[in-house]
Each structure stands twice: as C-alpha cells, then as structure tokens.
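What follows is a set of structures to go through.
Next, two complexes with chain A in common: one pairs it with chain B, the other with chain C.
Let's turn to the complex of A and B:
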C-alpha cells in the first residue's frame, strides 16, 4: 500500500524557502527575537529571577525601580522583575496550552466535517453558535462554572479557540478534498483513516499552523483579560493580567505596578502578531509571486 | 457720640438703607430658594439587588432605606445611644420583656397616609413572617406579641429580655413600612418603589446606574441629633453608581458629585489636602476585618494552629502598607470603644513569629516540604481561604498569605465574586473566610456569630460550646447594664482564647464632600455615613 501512496507533503525546497523568506523579513526577525528572548527568560525564570516572587516585604511595598529592584516592588513588597518573569512564564504556558489543545480539537472537527458530509452541518452549526459568543464571554462563563484558576482559563481559551480553528480547518480541508490525489487514494483503496491523516491533515496543517500563530496573540490577550478580571491565576501565583489588575488601584502612586506587566503583555502580543503575519506572508503563494 | 447721631436721618440715605436691606433680603431669599431647589449628587461604589430592608443583609441597601424610611428610634452620633424618632418615648417593664412605645402623632408617609401603630405592628409582623425570609429578624428580639392599645401606642412583648433591643431597633431592617405600598407593589416592592416616612421619597431607580429621591416636604420629625428636624435642604438627591475607584475619584475631584462615602481609601490623604474637598471620618466606627476559622475542619481544628496563624502576622504593617494607614490594627474582636468591650481580652493575641513556629511544631507540623510548607501525615498545611474579590480584600489576603509562607503555611486563596460568596459561605468546603463586619456592640457580634444556634451560618466556625452559649444568654437577657456587660465580656474571653478568628484591622470610614457642601457630618451606621442627611446644605 505504501508504495502506491502518492506523495502528498510539501516539497523540501519549499520548506527551505519558508525559513529563508522569514529571515529576510526584518520585522519578523525582530519579533522572533523579542518573543524568543521572552520565552527563554520565562523558561529560565527559576534560575534568573533575582528574588523569590512570592516573598512579601510590606515595609518596602510600592517602591519605584531601583538598583535592588529593577522593576520596583508591588503593593506587598514583592520584587516586580521576579514576578514578571514568572508571570510571563505562566501567561505563555496558558496561551500555548490554549492554542495547541484548542487548535488540535478545532482542526480535528474541521477536517472531520469536511471529510464526512453527513456530520458537516451538525459540526458547523455548532461552531456557528459558538462563534456567536465573544471569546471573553465564553471565558467568563467557563470560569464562572469551573471557578477561578489557571486551569479554568486554559479551558476557557480552548473552548474559545476551537470554533475559529474548526472553521479554518474545514475551509482548507474542503479545498484539499477536491484535489486529484484524494480521488486517486480512494481509487486505490486507501482507508478513510489514512486519507484523513496522511492526505487531508498533512495538507491542511500549514494553513492551520499559520492561523494558530496569528491566534496566539489573541489568546494571550483573552487570557490576560480573564486574569485582569480575577478569573485567572489566584494569589500568590504571578500572571501578567492579574498583576496589571493589582496595579490599577495604584496608578497615581506607583504606576510601575500596572505598567510593567501591561508592557510585557503588549510585547508578547505584538511580537506574536508580527511573527504570525510574517509566517502567513511567507506561506502565501500569491505573495511569493 | 458724633453730632450726626442727634440729627434727623437723611431720607435719601434711609431709602438707600431700605433698598440695601431689601436687596440683601431678596438676595438671601433667592439664595435660599436657589439652594433648596438644588439636587444633591451622591456617588456610591455599589448598588443593591433591591431596597426592601427586611429581605437583605446588604449594606448598600441600608443607607438608602435610612433616607426613605424611619425607625422607631434613631442612633446618636456616639453609636451607642437610642434617640426618639417615630417613637417619642418608651418604657420597659421590670422583667425586661415588655416595651411600651409612645408614637408621634404628626408623622405621615410620602404618599400622605398618616402613620399609626398599625404600621409598626404590620412592619414587625411582616419581618417575622417566615415567608419574608428576613435574615436580620433576630435584631428585633424574640417577639411574643405586638399590641396597639391605641393608634399611637405599641406594646412590644418579648419571650425573654433582650438587652440590645433599643440599639438594634435603629438598624435598617427595623424600618417602618406602609402596608398599602407593600401590597400594591408586590414583588416589585423595593424595586419600583417604597413608601416611607423618611426625609427623602422614592422617585425612580435604574439598577446599577442611578437612584433618584426627592424631598419629603412634610417631614418635621427628624431626631434631635440633627439641628434641622426637617425637611431636607435639597429638592432632589441623585445617587449614581460608579464602581471604579479611579472614576469615582476623578468625578469627585471635578465637582461632578457633591458627596460620597466611597472615596478611594488610598487617596484619602490627598483628599484631605485638596482645596476642593472636605473629608470627615466617622467616629466612632466599628468595622472589623477578620478571618474566621472553620474550627471543625481538620487543618484548623487544633487551637495551636489557629493561634499560630493569628500571631504570625504583623497587623500594624498591614494597616500601614496595605491600607496606607487608613485602618487600625485589631488585636481584639471588639473595638475597645464599643459597648461591652472586654478589657481582659487585650493581651490574648501577642504577635510572635518564633512562638507561632513553636506552636505549629507542637501541633505536629514539624516536617517541611521542599517549598518550606509544613507537612503532617502526608498532608500539607494548606488551608483553603475564601475571600471576596472586591475592594481591599485581595490585597489584605495576599499580604497575610506572605506572612503565612514565612511560618510554613500555604494559604490557598480563592477569590469569589461578591454575589457568589454569600452562597459559598453556606457550605463546609473551606478552612477560613474573610469579611468586614460592621457592628454596634459586643452583644451584637457575640449573639450573631458565636451562639451555637447560629450554626452553620453565620456561626461558620461551627463553634458549639455550652459555656459560650451561657455567657451570651446572660448578656442578652440581662436587666441592667452591669449584668449585660459581664455576660458579653465573659463570652469574648472564651472565644478569643480559642482563637476562632484572626482579627486584622478596624477599618476607617470617611465621608468626602465638596467644599460647597455644609453640615455633612459622618455617621457610622452599617458602613455608610449619610444617615438622614438633614443638616446637609449648600
């Protein structure tokens, strides 16, 4: 059977071209550098954070940035730099989990809808209903039912990501379904499972990946918003949205408490969006021409 | 004396004097009319689900119902003394079970209906009707029978003496309602209107937006604590709900609002220095922020563990850093200035981190995990703590959480939306909780929280102790102040030595108004400062 299976994956030359095109895009390079640095800092947080992010010291609460505390201290005297490092770690993990799990589920639903015409209306109408609710509203509902916490936010992000990805995946899969190699596969007796995984999924994956890259920034934003509203991480866990919320009452007295985590969210979302745009452009055959 | 004094007055000068006097009089009249025609604009942080004072414990309901409705007696500025209001006098029988109230005969509701003893009977009977589900029915005492021998006399008979009755009668839940208004509005009572005898009358309410009241023109029966017996000096009172601290701050600073109880605490010092604002602190003011232990739960059932958590924090630091000095550290459950405070409880809580660690060791929590948190029989010392997700509660909780980590205790803070929290507190799935409780006397807190008949809520500690109950009963049924104090003081000593609560701080309460507003004295009743607002003027 394998000998008879047509080659359905991207040619190696095109993959190499993708990286080269990304490298030529200076904005994409800067975005990748910023995002990469933040990811590395977040991963190494336990080793590079100068202080225990949970250690409170009330007498030094709300101190502005100084040589001892580069980003100042928060309203309970905790070191802001350490908390931002740990907060970035939690925020990135939350976004990544939301995108990967939601992306996988959405892609599965979209591809199945495209392949099995009988279940297509059921899946897509459900997706339509889910799309009618703003992501933040779904997040609030999920957090209200499951209770506050990082896992509730991840669940909310997954639920809000699934319908978008399902729609994109179905669109891509419907296009691939019309290709001749699908007909050829069917003609030589390839099983449905193989058709779905090796023919359909592999050819949709780049479209879904680009969408998820673009989606990552939005997911971080929704997750941080939920954290800001108090539905996310619970104290003393550091999470950027929650940290920004904690600082808003002290905007006039200690603006750094709200602005430092807000800037971190801004940097992550901007870098993710720019990188997503660049990946989309690099993969778009019309733009290549 | 000059010679001019003996000469005839110059007619021209006389007419000028008359003109000046008349002009001044007209000016003063116009100013008065102008002032009385004004709308007083008030900002509040929180609205209420409804304004039926018998069906809620919600303090944002209380301030509005005190404006619209009256109680039989008013609470003086000292927070202890009951003054005549709808009742002009009262007597108590020798056995302390019968109160006879003589009512004013010149009172009417906003609708124009005359107030009589029938309204008093209706109000208290409605409150004790189980169908009303009144959470504060206990504040009216254990009523045996209510009688009205004539239209202006009420006989209020209890099954047992209740030494706190008169002070509790000042609370909003004991306001007088008009049966006609309750019947006419049905389920919409307190939502679409209330007919009261208070100095302000209901006009309209847009939930979470604005409540509009107007002057009760016939009002002349204000309590003697006010210089003005009525009516109020503004034609209308507009109460707008501004939940965000920063928006309320900006609105007050710009003069959009005249008065608020909810000026953000962190900016009170700036407000005091502002040339635009007046700030007055409510004194006395009894509001305790505390953490209660659910003593029946395994993690906190050992008194030593509870004491360790109570003495492992630094209250003065919390008051200074978290509350920016707008609170006082609390080392007792009852404020030393409150009625029937027990002086002997002063030394029970002594902050000492070394001793806190020793107590936890003695309680068997000797082993520590890699994160420094104590472990016993494979269980981490990580109690679940419920907190409301509003105002300063998260900040205080996080500060205490930091202290707890230093003694090897990992507080699992669960922040709950304020609408959800009351329901969750009915359960048993938490180890500690926090609220800020306003109160009038030691007796109130002892009866409400520590009597075993109040299990499971509000006695969320599940504290069942015969000696505590006996002491509270002694205070509650006392026939004189000495016996009452003795009973409640004994109860305080028992529960404090058990460390059933962590008292954290007594929060301060301020009334902030713009400079043009005069006579706005801050009252302390149930977390709001405006009370009747009879002396407030331009």
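Let's turn to the complex of A and C:
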C-alpha cells in the first residue's frame, strides 16, 4: 500500500546501485518475473492462445481444467486459458492507460502549480475537489453518462489518478523549485518553458514514476471491480473483472470460471505491489523494515 | 479545536457544490430526454415541447442548476423511472443497510488490523511477524469480489454455515447471520493496510525515548505497548482509515452487489444498468456525501487524537 507521498528524492550517485539492489531482493525478482511473464503472455495472446477466445462449444461447457483445456472451459464452452490471456491483455491495458494518462496529466498540473505560484491555489483546490470523488463513484457516474465500456473505466481511472499524482508532483516540484539551479537558470535568462521541462520536470520524474508503480496495483483493482460490476468491457470481450462476474452465476457448478480470472488479477496486483514496494525501498533504504 | 473544524467545514463547501454539479450533469448528459420519458414514446411533439417548458428545460443551464440545488435542498430528487417511487424514498430504504455493512466491516477490520499489526511489531523478525506481513500484503492485493466469491462458495454454499443472499432484517432482529459474510468480505479490504501501517507505526514508537523511559520506570511490557506505543501509533492509523474510505465505499458497492445486500451501492449499480437516471443520480449523490462525511469525521478525530495538529 502506498504512503501518501513516498520520499524518493535522491542524489544521482545512489541511483546507480538501484538495479543491483533490486536484483539482490529475491521477492522483487520473483515479482518482476511473474509480472513480466504475464505481460508477455498478454502481449502475445493472439499467438500463444491455444483456442479462439470467442469460440463457443456448448457440448464441452463448464469442464474443469484438463489436458486439452488447462484452465477448463466456461459456461458456453469457451477455452478459459485463451480467455484469461485476452482478458489479462485488456485488464493490463486498462490499468496502464489509467496510470500513464492520469499520471501525465497529474504531473503536469502539479508541476505547473509549483512553478506558477499564482495558479497554484486554483489548481490545488480543484484537485481537492477531485479527491472527494472515490474512483468507483466516478466510474459509476461515467458509465451512467457515457454508457458502460472499457473507455468509461479508463476515463474513471484517469480522473481518479490525476489528483493524487498532482499532489505528489507538486510536493516534489516545490522542493526542486527551492534549489539554487532554478535561480541560476532564471539569472542566465532560460525561458520558462525550458525551466519547466529541463530543470523541473526531469528532476521530479523519478518520484512520480515510483508513485505510479505503487499505484498500478490499486488501479487494476478498481478497474477490475468496475468490470465486475458490469460498468466496463461488455461481453463477449474478455476482461478479467467481467469474467469473474460472469463466473459468479456458475459458482456452485463450475467454480473455476470465476476463480481463474480472479486469481489472475490477484497475481498481477500482488506482483505489482511487491515490485512497487521493492523499488521504493531500494530508492530509499531508510523506509525498509 | 473549534476554528479548525469550522475551517474544515468551509473547505467542504466547494466539494459539496462539486458533488451536486456532477449529479446535475448526470441528469443533463443522460442520453434520454426527460421530457420524452415523461411524455411517453408516442406523444406528439407539442406535448413534449409543453413538458419541456414545464420542466424548465429551455432555460440556461446555470439557472437550471440553481433550481436543481433548490430541489435537492427540499429533498426532491425526482422519481425513479423504473419503480415510479420517489428517489428519496428509495434512498431512505437503502441507507440503513449500507451503514450497517460499513460499520460492521470497520468494527471487524480495525481491531483485528490493530491487533495483528501490534503482534507483528512486538514479535518483530519472528515467523509470526513474517506470516502477518505476508498476509497483509496478500490482503491488499486481493480484489474484494474474490474474497466474496471464496466466502460464498465455501462458508456459504459448501459448508452451509451462513446465509449469503440478501438481508434478513436489522441486526437487533435476527439479521446478524446475514450480515457476517458481507462484513467479512468488506472488512478484508481494510485489515491488510491497517495491520501493515500499525506494525510500522508501533515499531517506530517502540524505539522512541519516552518508551525507553516507560520501560525504565519498570512498567510492564504490556502497559508500555498498549498505553505508550499503540496510543501513538493510532494517529497514522486513523489517517489511513480516512484514506481507505474510498476503498471502503468502492468495496461496499461490490459487496452489496455480490450478496444482494439492499444498500445504496446496489441501488446505484442497478439504476445505472437499467438507465434509471434519477435514481442513479440520487444514489451517487448519497455515496459521495457519505465519503465527504467520513473524511470530515476522520479529520476531526485526528485533531482529538493529536492535539498538536490544530496549531499547524
């Protein structure tokens, strides 16, 4: 779980040892391996999936895992492994889009707020108001207005990521603004644009990146919950949260239909959380146990 | 303490307007034209136009928004398109069960999280500590619905221990069994983060000078841990519960839907799925207000627990 503002500013010399320190952390290594494998499997889904994820075959519906169908078949006889591969692809893409777009917008807002003191209160008050809406509520509202779908969920994830990132980015940027090289840049007549991009943004980016890594798991959880509620991807498209919801209706006859996608989400989030924690600890060993 | 709370209330005002505006937008952007819905599918254009005028749909949005606020203040949230009951009536029936669920989940998660975290901190480095840490990391990474699915499948269905659909009544009137599984499901979201933070906070406090003093005075270890360490560790934990309120709310929506629990979250999801915009708007408004209220209480509790805060 993320602390509100992880302190990750560090002198460049320590960063060199970061990868080495991460490699020594066995938990982080396993987490990275699991996450990497899932990302690769999801990317290669069209090539590695043993069956067509949309091909229904009613005579073999609800079969438990077997040699032909490693994860069994769902209520319409579709191969669960293939569907989980495609579902992981959609779920990961949804989470990444949420974190990257929301992160970029939030970072921009936070950095601008730190640089231009005059708009600072306006931006931060707006951010405070945005914080008053939990992600799931935004998701419900957006789905009500735009209609359910993956884009509604991504929109909700972006909106809920922006305020937190804006706060973290502003915190980091205010620290950088107090340093002398900003003053020096101004003195030699560097334009505001260069100051913001070259001097400010580049110095905040590692803090923001770590925060986003820590955030990724949560975003996946919220996104798949919205999928579970039926606000996200619509059938027959495979998305892990939605697949779990579909399996709920057959829980007592064929529990694997709901359990397999749920386990996949659990694996992604667990690996992301462990990796995020490891990166934070490696960057700032003071936070370690 | 007074001025701090007053300021905090003042800051909540724009948030309140924001919530109302979002709900207003929900009614505006809704693809269905309210005049058409009221008039029915085969009404003549003149009738639709008349209803439009009657509803004030031709006036500027800002004026419509002001009127909307006025209606909300009078408790008029419109009528459900599906059940034709007033939205406020629908909400009144659901607020109780949702509050019950959330309070139950907190009563379960907070003491359990505090206990696990404290044990882990005191027994630092032992197998028990590692097990608790691993458990809480796993808990943070579990989707709420997965916990619910497992509980329904095993405790509810296979072992047949507890009911898992609907609410049989208020807690004081035989409703307790039907409350347990939903509360366990929702509480599971909170136990992990609370345990983890409590562990860190207690560890930090255990190294503080005043704890050494307390030990030097010859206080029993249990007294040191409970009165000195845990009391101070509570402060970050309270903040965390506030930060987790969003998860609690989101979890409640999922939990209610899974267990057919007749709460606000289930009402909202049902209304959205069936395009019942007045009800969806009302339910979302209540959930957002609940979130605002939780955060407000947490901030106030924070001041009570840590008097240093009000000076900053």
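Here are a few things to note about the model shown:
The working rule: the second predicted complex is superposed on the first by the 269 of 289 C-alpha atoms of A that agree within 3 Å, B and C clash if a C-alpha of one lies under 4 Å from a C-alpha of the other, contacts with A are read in each partner's own complex, and residues count from 1 in each chain.
Here, a residue touches a chain if its C-beta (ideal position, glycine included) is under 8 Å from a C-beta of that chain, and two chains touch if they have at least 3 such contacts.
Keep in mind it's a predicted model, so treat the numbers as computed, not measured.
Partners chain B and chain C, brought together by superposition on chain A, clash. Contacts of A:228 after superposition on the shared chain: chain C is touched, whereas chain B is not.
When the two complexes are overlaid, the chain among chain B and chain C that reaches more residues of chain A is C. In the superposition on chain A, A:129 contacts chain C only, with no contact to chain B.
When both complexes are overlaid on chain A, the residue A:248 reaches chain B and chain C alike. In the superposition on chain A, contact of A:76 is made with chain B only, not with chain C. When both complexes are overlaid on chain A, the residue A:121 reaches neither chain B nor chain C.
Of the two partner chains placed by superposition, only chain B is touched by A:56; chain C is not. In the superposition on chain A, contact is made by A:274 with chain C only, not with chain B. Shared-chain residue A:64: touches no atom of chain B or chain C. In the superposed pair of complexes, A:140 makes contact with chain C only, with no contact to chain B. Stretch 415-423 is the one among 145-153, 289-297, 415-423 or 469-477 where chain B clashes with chain C after the superposition on chain A.
Shared interface residues of chain A (contacting chain B in one complex, chain C in the other): 144, 147-148, 230, 248, 251-252. Interface residues of chain A facing chain C in the complex, by the touch rule stated above, are 1, 4, 125, 128-129, 132-137, 140-141, 143-145, 147-148, 217, 221-222, 224-225, 228-231, 241, 244-245, 247-248, 251-252, 255, 258-259, 262-263, 265-266, 269-270, 272-274, 277, 289.
The touching residues of chain A, counted against chain B in their complex, run 54-59, 61, 75-78, 144, 147-148, 230, 234-236, 246, 248-253.
Contacts from chain C toward chain A in the complex involve residues 11, 14-15, 18-19, 22, 25-26, 29-31, 137-138, 140-146, 149, 152-153, 157, 192-193, 196-197, 203, 243, 245-247, 249-251, 253-254, 257-258, 268-269, 271-273, 277, 280, 284, 287-288, 291-292, 295. By the touch criterion given at the top, residues 245-246, 264, 266-267, 314, 317-318, 320-322, 389, 394-395, 397-399, 401-403, 405, 412-417 of chain B touch chain A in their complex.
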